[in-house]
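Structure below; questions to follow.
Chain lettering (A, B and C) follows the sequence in which the chains are written, and residue indices restart at 1 in each chain.
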Amino acid sequence: MSPNSQLERQDEAVTEPRDPGGASHHGKRRTSGERAMRASLWVLMAFAAVPFVFPLWWMATSSLKSTSEILRIPPTLLPESPTFTPYREVFELQPFAQQYWNSIYIAVLVTAGTILLSSLAGYAFARIKFPGANALFVLVLAGMLIPAEVTIVPLFRFVNTLGLMDTHWPLIIVPIFGAPSVLATFIMRQFFLGLPYELEEAGRIDGLGRAGLFWRIAFPLARPAIAAVAIFTFLKSWNLYLEPIVYLSSRDKFTIPQALTQYVDAYGGPMWNVQLAATTLTVVPVLIVFIVAQRQFVQGLAHTGLKG
Amino acid sequence: MPSTITSLRVGRPTRRSTWRRRDNAVGYLFVAPQVLGTLAFVVAPLVMVVWYSLHEWNVLANTFTFEGAGNYERMLEDPGLRNSLVVSGWFSLGLVVLNISLAMVLALLLNQKLRGTTAFRVMFFSPVVVSLVAWTIVWGFLLQADGGINGFLSTLGIEGPNWLRNGTTAMISVIVVQVFKNVGLNMILFLAALQGVPVEIQEAAQLDGANAWRRFWAVIVPLVSPTILLVSIITVVGSLEVFAQIDVLTQGGPGHSTTVLVYYLYQQAFEFNQFGYASAVSVLLFVLVLTLTLIQWQTRKRWVFHES
Amino acid sequence: MIHRRTTVSILAAVALSTSLVACSAGSDPGPSATDTGAAPPAAPVNLTMTVWTANEDQLALFDEIAQGYIAENPDKVASVDFEVIPFADYTTTLTTQLAGGSPPDLAWILESNAPEFVQSGALTDLRGTLEGTPGYEMDDLVDSALALWEDGDSLYAYPFSSSPFAMFVNTDRIAAAGTANPADLVNQGEWTYDAARDISAASVAKLGGAGLVVRDFEYTVWENLATVWGGWGASPWSEDGTTCTFTEPEMVDAMTWIHEAIFADSAIPGPGTSADFFAGETTMTVTQISRASALDGSFEWDLIPLPEGPEGKQNVIGQAGIGVFAQGANPQIAADFLAYFTNPTNAERLATYFPPPRESLLTAEVLAQANPLLSEEQLQAVVVDGIQGAKTKPSHQNFAQLQDTVRAELDAMWQPDADVESVLADVCTAIDPLLQG
């Protein structure tokens, strides 16, 4: 059986839930007791969905209200007289479009760089038995365990010595080469460990060197793992909070999480409706991308756990 | 499985050793970026942090005096540190238990072929892609004594507590906010694992008279235990690094009831200018994370079920 | 399993990186041998001043003043950058910059942190530069305003803003609630905290919303309660900062009054409620007059002095200082720029937003030109008279830790059935070691 179709079958399994109930193996007849059970499970699920969805709903509707309406008790579910003024102010008060772009292009660069670096390293750790491979892998793994707050001060001094303060370089280089990409290497390694040897045998017979085996055979097959890595890495870079605060000081260099906290009046009191409008602007596009591509999201993530 | 390489090996020792050496070279080359990056951005800063922890560093006065183990002795007698260790313990415990059980419940629900599963899956996962700061700001607002949640409860005739101003409920609130943000990820991983459970085994158990509860614990859990291990390692490590949410929601209060270790560290370094002491606390945090991960990894033989 | 060879390899890697670190720059924090800071740079420099205001108009004004300086000193300064750091994280971000070795040239400093900064040696002495600047008129500066920023003969930061606290009143709500008008009470000499409490409670009972709000207190920034307990003659610690006075009778009485106003009378909104005076649903608020710019005309309002407590009326001012970092790249030029920034001419321009510590400028006419929303009577009563004999908010050399510790202990007091005296006793127990230093 060709490997691609085997992977495809596993993909299908995740996105089309099978029914382990057993009884409805053939045909769709269900007892009324079962129907009642399923109905109550559905209600439970709908109930469970509320805390996931309601905050986003509230955020979007509040961005159209005036501040006093937001603070009113009892709270209103829909804005009384919706206004887009907060949205206008989002762009007037800060170079928000620039900041948005900053977050996007940094995340894209970090994702591309991490995919490249982690697939190379993950492949080598999985396939090549070079001396010290295990030791180096454990060393690299240690990176996953260190919280950013621990290393931020030495890194800060280091970046400052290099004269790279208030630039985007530390936000790009450090995530690609440092701790955040270690999870990606781990995922890629897991994937390559599970890749059947026969695939590369054919290439070796054809005279491909190791590098060729990687580029021509292993890497193209790694699409699901790469998708997972891309998602994790993009989100992580998108959400970086402490690092931009420490490294960046000019407003037009800020990234989105930073920018969101800046919608305050002259004395630090938050301008709620403007802040929520900015928040909505950052959430909605990502949500749309997610809804459109959610199959790929889920498939990609599912493959990271399959090997345990 | 006969390897073509093995058959090539016969009678050609020199060619194999050259090939081996070249392979090793490629191996080192592939992992070099990640390894060098780890050394530069993870290990080196960690070494620096240990170095700082042996000094008293007053940033304002610009003094850097050697203290030896002084900071570590101080840690032994610091009630604030002890408090944050206890708080971190409860916090991580609550978070991990709630997160993993909720993820499993949601995955089980999604695994039934109920109507609208895809839509629900999108809903449960959407907070994952939302910016962390945005999510926390919105919840902070909803958790006010006169905010959305208590407003909703009042329509049911319940008077909600002052969520963020009462020690216990503040801790619960932060846990809940964090769990709802991330549980979608774990849910997908569990869902994929559940799909991997062969239907036949479940049917066999059903025929044997096992009810759903026993089926779950005796059949499903062992089969998905590798995924549970992966999820628990990630979740435990992640729980020790939660910072932004606490900074936005409670600032460590009321009292010090939500001052987890990472937040305590941040306060010592950036609010009280005690960089040397904060570095010592960082070292403690790192050791803690390392230990917990090693424990989970080493005990996996005990409860993770591996097919031979 | 981790084999011996693996362990050895890992140790080797760590050793390698340690030597990497030791070789690279080898820059420990702390004073380095190459610190001279005396040689004047050849080319015009770029100065940076960190500020916490994001107000566009204020920033534009700063830029204008800076352009004036650059025009007069093109060989010294090429540009001045006003870096905005959000107020909530201001001090921690500033500290981070210092820790990273890249401090700004000038920085705004909160009065609560003034003792710490002033006594740390981090700031340069400004007195020489200010006195040596022609036309600066050093004698015009009000001595009491400078007190917090001096150490001995040296002046380490310039208090560019001394903004008194006053009471804004929503007169629409007063009229609707049918209570006495605070302005009338002021004229009759009966404007007391008890009266404020009663009016607030009545308005809340009739109209909902919030009564009396101590702005920015929010049950965390307890030092803002100084505007209230001043009326009782209370203070958190002794003048020299070594003894805790939270348990003194004045403070106990003040805190008990506050506690009852919150939980018994509902005159002050309780913890966890959001109440913003400028959004229109609050009856009155204690805040600095610079907040007048937040008024949007949606309701009628008045500005009156702080009420009297049992010990009379205590004026309270909030100050902000500008200091020059000794570790900065160009302390001398920065000090020179500061002198220009705060000379009489520019101080008058800045007076629009920041009342200067200059006697000649602290008159109602001058301030009225700059504050179109406030009448001369209001400015006279509140600002000019409000700076006389005013106390600054609590400050201490160890303020950051004290703030956090007191806040944590006081959290126990913001419950309906709290025992005020015992909570205050706990506060003293907790902060005594910090006060001793």
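Operating definition for what follows: contacts are C-beta pairs under 8 Å (C-beta built on N, C-alpha and C of every residue); 3 or more make two chains touch, one makes a residue touch a chain.
Just so it is clear, the structure is predicted and the values come from calculations on it, not from any experiment.
This structure's chain pair with the greatest number of C-beta contacts is A-B. Relative to chain A, the most remote chain by averaged C-alpha coordinates is C.
The mean-CA centres of chain A and chain B are about 15 angstrom from one another, to the nearest whole unit.
Between chain A and chain C, the centres computed from C-alpha atoms are 40 Å apart.
Residue positions of chain C touching 2 or more other chains: 13, 29, 96, 99, 274. Each of residues 40, 43-44, 48, 146-147, 269, 275 in chain B touches at least two other chains.
Listed for chain A are residues 136, 139, 153, 157-158, 261, each touching two or more other chains. Chain A makes touch with chain C in their complex at residues 67-68, 71-72, 93, 132, 134-136, 138-139, 153, 156-161, 165, 245-246, 249-251, 261-262, 264-269. Contact residues of chain B toward chain C in the complex are 39-40, 43-44, 47-48, 57-65, 144-147, 162-165, 251-256, 267, 269-273, 275. Considering their complex, residues 13-14, 16-18, 20-21, 28-31, 91-92, 95-96, 98-99, 116-117, 120-122, 219-220, 270-274, 327, 400-401, 404, 407-409, 411-412, 414 of chain C touch chain B. The touching residues of chain C, when paired with chain A in their complex, are 2-3, 5-10, 13, 24-25, 27, 29, 52-55, 58, 83-89, 93, 96-97, 99-102, 216, 274-276, 279-281, 290-291, 293-294.
Against chain A, in their complex, chain B makes its touches with residues 1, 3-5, 22-24, 26-28, 30-31, 33-38, 40-46, 48-49, 52, 106, 109-118, 120-135, 137-139, 141-142, 146-148, 151, 154-155, 176, 180, 184-185, 188-197, 199, 202-203, 206, 225-227, 229-231, 237, 240-241, 243-244, 262, 265-266, 269, 275, 279, 282, 285-286, 289-290, 293, 304.
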